[in-house]
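Here you go, one structure.
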């Protein structure tokens, strides 16, 4: 190859040569409620197992936090195969919330995470409001949990399987009930598959949530044109990966304008540059999901990449970056429609 | 390169070697209302200009139809730069409906399209119900228009810029008013940025639309991390390209279950395989958009690719393909949530 | 389990639509056991996005070889690699073949690119003092990647263009007829259809058969739960092919639960 | 305007972060005029998705050369091309430089990879009997792609490591001081900042200046409306760089309306 160019694609971003340099190490600490995250990079639920599978690659103590796979009251087998398929720049999944259940999680996963000095956020999934409360109450009996992230993209069995996450009063109710049961950090994880995610974020803020996680997966589908069958067992599935990043970023922007509580930005973050986009738009923390399937160490690499960016831009703290979007150059126009 | 492999990425799909072959040329004709499309592949609005820019590449008479750039009452300059940016597997645009206006379109574009034997679908954009009616009525005075596609992803100026397309009663009203003014094919082009696109499709069907076009662009955003400015002038823009295909396909699937009128499938179609996915899920026609920026002849190439697929699968007509999705092997489960 | 950017040493087409890649990784070469696989990132782009799993084909000192068909985007990019090109490799992954034990002859049955894990397994078995027979089937002679290094090969082709005229089950039956079926153990890799037929054959005769499965994977390391296969026994419904497999006793799993790739 | 898959003839790095590609296309070579560009598809993947625009640098018979910096995904892939690799090319695109007319000396001013359109323009001007001077600036000597084939080159470097110590405007001023400014026409390509400074200089002296613009493009052929630049004159607000440009009289457009790439 002429002038063979090898660039590590993860955690890399174009650095301008003429940047002012600073010898100060920037602070990357973020505090939400009573939890201090040593850096703003968390692993996304369902994409890092229980945080114990990648020991040989990753020191979980170096992550902002580990967000667990969604934990439910009972163990769940998950959906039948095919559960995943790759599409352009992304993937569909239909894992079916396969998990060991809250009891096994608390007895055999949590202690190991604590041993490894992980900051642990427990993600909870349920099919009724009572089940959400049950799982959280069981967790409250244990030490070593920093906070909760609530996955509301679940079918409400009492309501014929209608998704909690697309029904604002349900999300408000879940927030209210859980808020009454914990003084730990409570983040509500919102689905992007709604007309106005701002409305949901406002409802969460109103009911006392400490943060909103934006976003869970988008609804997607793929078909095998030879068999003419859906490529995943549940026909439609959850779409994630770099392909969703522009939409996730737009959702964070929408929510940022609507609420004052911190936002946890999620969706297609593959490298430090992507994470920085979310922070600039207004996310206080970010989560890395699908990227971990390609590089299980992406979370820590991204945290280091953010640190590099901060010192190269002479910023003393990541807080200077958060919400620093500069729209002063944008024309003041009533959006005229895009197309 | 060892065994150098060059595969044309457009209009190509893996053909199984053991397929039954047929010497019959399959029929690709589709009729909606009183329009016969010679094949199911149309160019998407705003991605093929007025159908006259690519003469040296494409014979427009070989396309199912040309859908024009959105036409408005008055000429529109469009938005200031930056109007586009590329993202992983897709692009954002904020063109701002730049167009020559209905008068110039009718006097100097339409006659040329007619000369070239194009089947012409006029896409209409407007900022009030009256404007939609005005543009359609002006078109009704002219020969050579096969039908209309109505872009409802436009800000309603009377309603403070709220998007018509996310407000179901508005979409219903526009459909009703236009239906009363034309006996030509009327397709309503829906935005995917809503909780339930099925609801909008049902409203269109109820008001007499002949078809629904699914989908327009998704809301997206991108940030330049060096300047910390949005990459396009309007901050958020319309997301298109292969990255949106899984979501567009899921929207078509949702609409297919909700209405009986034909669906025009749009979103990320790059090759014949992609187009076939949409047809299998239940689209009667498809539109090719962003792909034309890479290969202006993608539309006709895809039409030929579909024909090849049909004959290789022993199908006499594209109608055998439409809605042929086989879900018999899917487990019958109340979707348990995906993650 | 390591993640490393290695440099391609050798790349070649070795049969109709069969390609090999060779590269050096001391750590991975030393850690790999027969039946394990590697997860390769075709290139730096996000299209394709995910890694692709490939069985370790051969290891000689610190040199690792994989062998593959070109079927889609990932394998097409890999087939175009040239000496000196970088390659991001993760491995070794999965549980090795369960090849220890008291038996005299190992019969390694493979179809098409299912040949992949057999040479490294054969070498290890020879070192353990087992007899090894390779029964390898393909549609036609031109699709057989025969580098002359396979131990005791018996070839079977659908069209009879090389070796036994018929499939690997027929070839196996002929071999057992001549050599007897006592004290053998079978290891197989290939299309699910082949594994199913082989399973029926072996179960009818009480022959122990271990199969190496293929399925779509997102992570390859147990963090996505994307690669389940149904279990026929035990109290869990699914097993994850990437971390509990890909090598299973045929009777422990429900082969049909994996959608077959064509 | 043609679309063709050509084969790479030659590829090389010619200066610090400057690369060239050469390939054959008889039709495109014969149809191309100075200042026109090609739209290249880096590879078959959807990441990067869109074509990238590159000015035609040189044409010799049916051989076409482009020259570029590696700045992102597309150019990185192009820089890795090797002889024999296929490349999907569309062109020629855009309106050529308006180089006909009554003037004696053409001064071609370029900054960095803005050198791209100059050799083909210079060659044509020489054929038309004009005198040609190239004033080419860069940060430092190592970034200058000087293949010795540039007509009457004057180099300017920010650090004085080669030629004039300073920017191209300074070098131009020196040249005009020595040679006079009558009967000249200027053509320029480079960063917007440079074009702006040059525009001020020329306007102050009444010198005619045509600039070749760069901006993000989706289609390059007028069907997306993605590449507007504001017009300073006329009754339309915007002009499309891909089809009405990229070459404009500096006073016809509002340079600042294009967000500058860094």
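For this structure, a couple of remarks:
Letters A, B, C and D mark the chains in the order given here, with residues in each chain numbered from 1 onward.
The criterion applied here is as follows: a contact is a pair of C-beta atoms (placed from the backbone, for glycine too) under 8 Å apart; a residue touches a chain by one contact, two chains touch by 3 or more.
Note that the structure is predicted; figures quoted are calculated from it, not measured.
Considering the contact criterion stated above, the chains in touch with subunit A and with subunit C alike are B, D. Chain pairs B-D and B-C differ in how many C-beta pairs they share in contact, with the greater number at B-D. Work out the mean CA point of subunit A and of subunit B, and you get 32 Å between them.
Mean C-alpha positions place subunit B and subunit D at a centre distance of 36 Å. The geometric centre of subunit C is 53 Å away from that of subunit D, both derived from CA atoms.
Between the CA-based centres of subunit B and subunit C the separation comes to 44 Å, rounded to the whole angstrom.
Multi-chain contact residues of subunit B (touching two or more other chains) are listed as 1, 4, 7, 14, 16, 46, 78, 80, 88-90, 93, 95, 226-227, 229, 242-243. Annotation for subunit C: residues touching 2 or more other chains are 45-48, 262.
Taken as a graph of touching chains, this assembly is fully connected, with contact between every pair of chains.
Within the complex formed with subunit A, the subunit B residues making contact are 13-14, 16, 45-46, 70, 76, 78-80, 87-90, 92-97, 125, 151, 153-155, 157, 161, 166, 193-195, 216-223, 225-230, 233-239, 242-247, 249-250, 253, 268, 273, 276-277, 280-281, 309, 324-327, 329-331, 333-339.
Here subunit D touches subunit B in the complex through residues 1-3, 5, 41, 44-51, 84-86, 215-230, 236-238, 243, 257-259, 262, going by the rule given at the top.
Residue ranges of subunit A in contact with subunit C, taken from their complex: 1, 4, 6-9, 46-49, 53-54, 56-57, 69, 77-78, 80-86, 88-91, 93, 95, 98, 226-227, 241-243, 270, 290, 292-297.
Here subunit D touches subunit C in the complex through residues 45-48, 73, going by the rule given at the top. Contact residues of subunit B toward subunit C in the complex are 1-5, 7, 14, 16, 88-89, 242.
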